[in-house]
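The block underneath contains the structure these notes are about, expressed in structure tokens.
Order of writing sets the labels: A, B, C and D. Residues in every chain begin at 1.
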């Protein structure tokens, strides 16, 4: 019987990697999750604690997948603390995925927003010229730089890190780097995932130049299946209509970059 | 979507044929029912009246099927009275079917028990030598004789009618004819459907001679799907294990030929 | 005559008989507009309380193997005041505002917040099966139902609907009490209290342990409730529970509902379901020669 | 240690925990023998009355599109006396005799008929949702429940089980009353009142209009009832409702049931279902290192 993606499957965490003091990658075996498309996510149940949406991270072993989680509130800290051998529940994959263009590509990621970017990288063609921009607050918070370089070893590519405090790579916001790159060369497509303001500015920079751009959005998600409404942004539901939207669509959305809803559904400013 | 055989399908009666003063054939269009196997039955709903088990009669038009019903109590009289253009509900087909052997075949039917026999006839091979014995109380009650001859026009065949009162065909019980035929020639298989005593004696005649024999049984049926238990005979459920049983099995069943259960589930003598 | 989909639920008139049920996608005016354009005849808001509620922690929703969902979102909502502000600009969409509370004053206060809004009706949630002190715990108390309905009817001219479900007090009694107290219509039913346990980790899956079963599994139960209500009382009924096809919708009309609501079907078939059902109803009406929804309401009771 | 399937439901000890539920294939000793050989730990008879009943005319059963069945066979049964005679020869099969009646004397009289039979337990059907004056109409009346249970307990030394369901009186109260009156165990739940309407012919399909919903749709409801009973009372529980896989069975054990019953699954998967579930339970027990069913009963309440 084929698995119904809405039914929770229990998997065992087989390996845990510390990426930074607050970010960990948890690896598990699951054929379905190992093959999700870039941009798709899973709902992850930490029994007795919570359930939260997570982009599905790649693993270098086939048939395996991972979550890369930053500890934050109760749910994400619960997942962060899961030990090797512990069980978690997963359902999905949910959501749409990035539209892969060919040519000169710019990928922009910040924090755990790099997860869908890494999965995007395994789909680029050897002929693509790929630039990856990684934004972080400080040196401590940088991860996936090596991984990005490794995934792109057969491509013409650059992986550039910027930190807000300049403790590693270039100093400044990654969105300034985006602006710089887009003004200096002709890109065929831009993909971004990270903090909303990073996505907002990236979309603006690209869309205003008429460059194809897509962002993978995050909103409060309770159900993941288009029932509860908690993930709405304007008239879109991120879990069903997204998570990936293109610049054209986002530029008309008044909530993007400005508001998100809290757990009670109240609009709050970013 | 494929039809679930447990879900009622509504069909319209397109044609009604009077077979005898108390027996009618109602023809309707339904691809699924037109292709059932000999021995299989449907549960037939007469809206507002009742639902009853019915063997599925053949039709000479493709994509059509029929029920041949004798009026009896409330349910069968309800079906008997259905007019052209009226709707009935059908579910099924249910039950197993006859095991078709090759060679010299004896088919024995009485009353509406001829229905599965007619469907059997459309499956015989042109090389089979087929004898059909039709039992009836009197001349008025004889039907399907012509049909049987027509269906067998390409075979070596005989269609013999006997009536209890001798008003048509040979005089006497059809089971005496069975005994006569089986003692005079070597048959490869015997198939029977009709009143229980007819089936019982036919099975005895054939099984005692080591001839392969199968009977399609009738019992009170409420559900048709193996839930209600009303159709039990010994440890068998006619709707699920039957309706077709072979002589070997039946000869060990103490209820066959002796008892049946009424609507309350009480064993009654035949 | 070409059939049309207009229907009246007592004083409430809708262009189309299929509404969005409360709690499904129900927190944003932009989404309401989209659903209305997709074919919903009205949208019922998430049940609102006097104060904002975060609801229960996740997991709050579970997909049942045999079909349907169990949810315990815990009535998370932005509160009546915030919500009223958000829908103030609304001109087009028939919005039915769903309210939960523990005492008559809760409802009275919330209704005041909506004075500047276009509200098609209020729906009193007397039947949420998984939050303490509101919903079913109110619906199960006949005295309280009487007080709440009377108070609400005195505080507004907008039609008021009571939403009932299977609780510890028989819902038919609750319906009777609501009618005596002046209710304009009944929505039946809410979710049915249920649970799921994970056999691997051996725990109830929902954070609240218990939740409400919705979707296809409850359709035959909801249908009999509508039939029972319409057989016993003369009150407009909105059928709700497991509706996902036009045949389901027709069954509810035949049982006595003048309109229907759906929620779970959206989780299974997304929002195209409104248009699919509207189209199916129209085809059925043509075939049976009906000009309006009313022509078929309650027909199954005649047989 | 190799796990085994033995279970105790209070004073009732069974070699295997999966029973045939009342009313399914439940009218013939030969069939009981077959089911027992197929893996059923016990069989519950069709609910018997003092006199034979024909039951309702067909249609008495309906297959729901979304899964499950609605039945209104109307408690057709050969009557206690006929039935007792039929099972007199029984030596091997643990038979639980299900009884329906309107007054304590009905039950008392029927039990007398079974004096010469090997009866493992009596199950009082206080919960059939579609026959007047018996079943739920009895279960909904606390005084009557008290009298019936007390009378039955005084008339026999055989263990007595009360079968409850969703009626107009909250089933938890009925359970409480039965316990106070000395009941040995509880079976939860019976079918849930429901209906189906044919949209073509515009009539309720079952001849009785209303019937009881069984099978997968009611599993989440039945599971919460078992969990609620075992959380509130200290009484052995038999879980029933929509069980069709070994995972379902485990869920009920974890919720607090010491044994389970199933009926509808037979309509879907035929009688192999007993063996499949037994095998699945044993494998699960091995994996989790349990030696007996008891080891897992109620575990989900700990979390």
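Throughout what follows, a contact is a pair of C-beta atoms (placed from the backbone, for glycine too) under 8 Å apart; a residue touches a chain by one contact, two chains touch by 3 or more.
Keep in mind that this is a model prediction, so the values were computed, not measured.
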Chains touching both chain A and chain B: none
Euclidean distance of C-alpha centroids - chain B vs chain D, Å: 36
Separation of chain C from chain D, taking each centre as the mean of its C-alpha atoms, in whole Å: 33
Cα-centroid distance, chain B relative to chain C, in whole angstrom: 51
Chain C residues counted as touching two or more neighbouring chains: 65, 203, 303
Shared-contact residues (touching 2 or more other chains) in chain A: 48
Chain contact topology (line, ring, star, complete or other): line
Chain pairs that touch, as defined at the top of this document: A-C, B-D, C-D
Touch list for chain C against partner chain A, complex: 23-28, 30-31, 33-34, 46, 52-55, 57-63, 65, 69, 71, 73, 76-79, 82, 86, 198, 200-201, 203, 205, 207, 263-264, 266-267, 270-271
Residue ranges of chain B touching chain D (in the complex, touch as defined): 4, 6-8, 10, 43, 45, 47-48, 50-52, 74-75, 87, 89, 91, 222-223, 225-230, 232, 234-235, 237, 240, 261-267
Partner chain C, residues of chain D touching it in the complex: 64-68, 70, 166, 168, 170, 172-173, 192-197, 199, 202-204, 209-210, 213, 215-221, 223-224, 227, 242, 247, 250-251, 254-255, 284, 296, 299-300, 303
